[in-house]
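What follows is a pair of complexes built around chain A, which joins chain B in one and chain C in the other.
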Partner chain A sequence: MASVFEYAPAPESRSVVDIAPSYGLFIDGEFTDAADGKVFKTVSPSSEEVLAEVAQAGAADVDRAVKAARRAFEKWSALPGSERAKYLFRIARIIQERSRELAVLETLDNGKPIRETRDADLPLVAAHFFYYAGWADKLGHAGYGADPRPLGVAGQVIPWNFPLLMLAWKIAPALAAGNTVVLKPAETTPLSALFFADICRQAGLPKGVVNIIPGYGDAGAELVAHPDVNKVAFTGSTAVGKAIARQIAGTDKKVTLELGGKGANIVFDDAPIDQAVEGIVNGIFFNQGQVCCAGSRLLVQESIHDELLDSLKRRLSTLRLGDPLDKNTDIGAINSADQLARITALAETGEAEGAERWSPACELPSSGYWFAPTLFTNVTQAHTVARDEIFGPVLSVLTFRTPDEAVAKANNSQYGLSAGIWTEKGSRILAVANQLRAGVVWANTFNKFDPTSPFGGYKESGFGREGGRHGLEGYLDV
Partner chain B sequence: MSESSATRLNVFKTYKLYVGGKFPRSESGRVYEVSDSKGKWLANAPLSSRKDARDAVVAARKAFGGWSGATAYNRGQILYRIAEMLEGRREQFVREVGEAEGLSKSKAGAVVDAAIDRWVWYAGWTDKIGQIVGGANPVAGPFFNLSTPEPTGVVTVIAPQDSSFLGLVSVIAPVIATGNTVVVIASEKSPLPALSLGEVLATSDLPGGVVNILSGKAGEMGPHLASHQDVNAIDLAGADPVLAKELEIAAADNLKRVLRPQPVDDWSADPGMSRMTAFLETKTVWHPTGSLGAGGSSY
Partner chain C sequence: MPTTLTAFADVTTSDSALRRFLHGLPGVDAVGLEARAASLGTRSIKTTAKAYAIDLAISMIDLTTLEGADTPGKVRALSAKAVNPDPTDRTTPMTAAVCVYPDMVATAKAALNGADVKIASVATAFPAGRAALPVKLADTRDAVAAGADEIDMVIDRGAFLAGRYLETYELIRTIKEACVREDGSAARLKVIFETGELSTYDNIRRASWIGMLAGADFIKTSTGKVGVNATPANTLLMLEAVRDFRAQTGIQIGVKPAGGIRTTKDAIKFLVLVNETVGEDWLSNHWFRFGASSLLNDLLMQRQKLSTGRYSGPDYVTVD
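After this line comes the complex of A and B, so read on.
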């Protein structure tokens, strides 16, 4: 379909962010080289341009960082909660001040549209620090006893899909509760975490309370295995989550895992179609579908299947894919060549297994990693694209006839992170929500996040909750 | 230097009320003399009238919809902004509190610091109180049942008489943190720090009318506010036992929520939650969950 509207380019300026040619590990309040001198390059996925060279943490660096965090723990945990709160409020305020810079940086390093980093990631990051800042001197009111104690050193490993937001989800509650942290950002998106290290310095945070060690999976595994780590927090794939669960078996380490998902987005026949279409699009194409709670399985009541699919295809034809820094861009780049290869392979499997593939006419840029928004129809529950997490802009469409069938199909998954329900009937929303085995259920909306609201999965989507009052539990000795 | 400071005459501040985001004089045209702890004249303060009190209630009511409707996050941001603004004017308040309460500079400094930190404490409560005092109720039936706290409305506060600043902050911050709006009668003897606080609030993104500060006699304005039909609650913190009883009786006319005066030895102690919960209503919403069946739910 021809584009109805022509847009002039509206690029956000890169000049607001100053990326240094190289970055060190942030350990004990200082930027430092890796012990073995290793470095890796981080590229902009939309152009494959090298953004910076970053020190790559190895086992010796992990040990150094954990020791720094351990040294800092005694004083940090002994501070009155009201003083820890004020550090976190400072961090929140500096993030607000620097949010445009961080939004542009995140878009460059991750490939997601500036519209998302500016309007979703960064406001949520600041809000998360604000929220947990307020908890630091109120832990006795949180329902975990009069004076709950922190655990110690938290080892945190985060993914590349929301680099700074996942950092906030990990660091804010950890520090509020009185822990110190060693955080390993993903190898494809280390920059915003390193800028955060600078924010810690601006805020005057005591040395060693936050340590940032960019690196690969081996560094993450070292961190998880380190004997002086008291708490492991991981967000990422279910396969790695299971490996971590095995690795920490027999230790005293507390663990929270936020893993994969295959969220069902259930649309009943009385749903307002246009609103549902917007929700479906947001559910699977937000952040190019690289979202663990994405609504990647669309379950449509059979009677409205054709009407809904017509509307959805029309809407997909208007999505704008391209330069993530352009303010009109809806779909940015896939984060890495590896991820693009995974998405491509799974989509090919979908076709090979007989599902019907459709994408709108969509020109892909010549450099960078791109994948057009894609629908699969005639999908059955046995199809790979209905079972495996694709972590890309690929939606599988299934149908149902009765609410019972919708619930059965929605729950027919190893995962249980998120689900969506679209209907005008309140009692149906609540009845269906009661039956769903998923940690977050959105009704007549999708992909809503708030620091006050707990997030996390059932089944193989992991355990523990992040956000809200519940999010404190994972960082307290309770 | 010393010569010029010796010859330069300083400019006195005219202390005014803070009502509806503006700084009016008392409509009555009256003032009264305010002295420091040694009896030295400090300033004239407005001696507010019944009409000033009624105007303040109108302003507070007008502000209630917007303030109670703001997100808890937004209210928290604004309360934190008050702390930021106060920190920047710390020296002014150290001087005013020192004069008002006869405290040394270091003791007055500790009082002002505690007042700043108190705003931070309540800034953190705005988006948490609902998670502590509200929640889902497991009723024995197919119903979603959720209780949430809501602000009670316009709250009148008789501020503590002795702790003219930390006491004042400690009684108004919990009232507005949850979305109420407030009309406060400052310490009669030492109203100046309270009146200066209005200048901080006016520059902190706090909507006009959320906090209204009157100076004068609690015994004169109190009865009118306690019997005012558009006031929802009254905090008697600074009322003496005789006045407190009189106001509690008057407040019964429209069943205002009443917080009786409680002995406070140390306003810098952990304030807990009771000053917030005193001015909250609980709203419980029921909704059928129905049951799944071929035709959907039974409702």
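After this line comes the complex of A and C, so read on.
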């Protein structure tokens, strides 16, 4: 960063959000303590400051929440679609009205920069509710028969990387289709879900339609296993996804899993280089790389490898890492000490296996969980950093010679969630995209989301689609 | 640092060689370029950074009047404003230059009276550029002889759009030679592409390379006389071009967005583009300019706001 034009701190005000010292579980329209009185603390990853104490759901609470959702289901599913739509539109509007507050809250609890929560997370959250509100009275036209029925109670478990957005992806289609939900947010990021509970009350949503039960993995497992849950929706790690699949085997529960990824970002020699560099940066450093569809493998045509790497390194040197609430911050904090340890260990493995590690000169704050943007070059398919999902700001750079080789290497992964293609040649985009085994393929862009577009994986990245018309299927008895 | 064009010597030997080179440049993805420019536009520049940016922006202005109705009186008023933008605050920096038509250069020179403000003159049948070469040369020599420090020429967009790239290149070379004074020194040459007429980003990148190869000291977006003038995206693209050119030749070239930049907020967005694309080497008026007229008063009002804490309003800056 140029020293003569030093940006003064431009922090977004914390005063727009009022975080209470403690929060309960949201069950049947009320905030209540956990049955066993357990609580846990949620901290701000950028400072390790304790933000609030939150009730921790256990088996009894899961049961209570599922029963509340079951009681609410009959009336909710019997409402005309146009009535359910009214609630969803109302929720969407309240989210828009409170978006600044929610953006600051999300940044505090998650550690991601305010620039992202303000410009990406919150607009997408509102858009998702608006979009599915529109479907609520048109389910008969979605291609699933004249009058498709909801499933019942949906048990939903979401991750910490996009806490409110993943909530929206889960709750909006579920409610539009006429289901009621019990949602467990991640233990490191429960706050925005609890604020959403307040929004449900503000919108006058009938009691029990949405229940929010913060807790750990055990509560998630209880929810998945609960006999009165008809649908399980999970976004998170492949290991937990496999456990869930085993858990529900032999039941009639419908399930959608959105799991890990190791997205290939393929840059051909005729790519728009400057924009490709932006796309690579956005692909792996958006949300500190804690994105399941991150473009964590850069496949670059060998003939432009050096030129592209020079551009990429120059660009990384301008990334601004620091206080997530500062409006000029590009890279925020890693979400938790555990995640930081995992990223650190995998990066060390990369070095130990002989890949070349590079980071821009970058001062890390003394408190909180931080990891500098990192590149690995001289990476081959055999390296751990080319195969395992790191879920952090770490990019592995590999090369290819021909389009066939690019496709072969891109597909040579246990995952199949996302991929990117960079070329000015339209026919190549179409040809390569058709051969990629990935749920989302971006052309000359990366990490672009829209509620109308289905999202989901191949292989160990999971199954089922969220978003778009396709996203309704997971919540309808079809 | 190498300062050589030898690597590109064979590029301009024929029309076909130049075409191959220009069409071999990496393409520009319009959506991605505009998204990047917009994203840099969200930078929040406050307090000390804003004060720095406002003074820098004032010092980068080519204060411009290019009207059929320009009179000596108008040019004298403009020159006085350039030297002393804010009569209530003598610490305000001067603008970089005044920019006038060739027949007003002598008037501006007399009015500036040796002050450290450059005189830029448009030339080559500005703004359309539709005149024969001898006319363009005479126009340029006339401005230089009258005392212009800088020449803002327009390329022949007709030749460029017809694919006659070498002709476009040769025109710039010829005008560059006409910028040389009798004592051997030369006026700095700014080359205006009229990006609004070139229309595509690929064209803007190609035109930038033609200009840089032909010896432009500055590449400039527009005349201010067409519908689309300077935009964050086309300026970002030209900054990328001068960055790449210096990386390959060691030669540094300036950039001048012109037309349509009217507010402090806009100007600061452009400075952020400079800062995060080419860095501090370009953060001076030797390498970056704003072609503008109404921008100055908005900068002055914002400057007064920063120093006094109050908005004063348009009656507290001079209208010239």
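Here is the rule we go by: the second predicted complex is superposed on the first by the 473 of 478 C-alpha atoms of A that agree within 3 Å, B and C clash if a C-alpha of one lies under 4 Å from a C-alpha of the other, contacts with A are read in each partner's own complex, and residues count from 1 in each chain.
Keep this in mind: a residue touches a chain if its C-beta (ideal position, glycine included) is under 8 Å from a C-beta of that chain, and two chains touch if they have at least 3 such contacts.
Owing to the predicted nature of the structure, the values given are computational and were not obtained by experimental measurement.
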Partner chain in contact with A:Gln202 - chain B first, chain C second, else both or neither: neither
Chain B versus chain C as contact partner of A:Glu278, first or second or both or neither: second
A:Ser22 touches, of chain B and chain C: first, second, both or neither? neither
Partner chain(s) touched by A:Ala85 [first = chain B, second = chain C, both, neither]: first
Chain B versus chain C as contact partner of A:Asn444, first or second or both or neither: second
Chain A: partner with more touched residues, chain B or chain C: B
First (chain B), second (chain C), both or neither touched by A:Thr318: second
Common ground on chain A, meaning residues reached by chain C in one complex and by chain B in the other: none
Interfacial residue positions of chain B with respect to chain A in the complex: 72-73, 76-77, 80, 117, 120-121, 123-128, 131-132, 142, 144, 273, 287-294, 296-299
Complex contact set, residues of chain A against chain B: 82, 85-86, 89, 127, 130-131, 133-138, 141-143, 268, 402-404, 407, 425-428, 430-432, 434-435, 451-452, 468-469
For the chain A and chain C complex, residues of the former touching the latter: 1-10, 115, 119, 270-276, 278-279, 318, 327-328, 424, 444-445
In the complex, chain C residues that touch chain A: 26-29, 31-33, 35-36, 42-50, 52-53, 56, 240, 271, 275-276, 279-280, 283
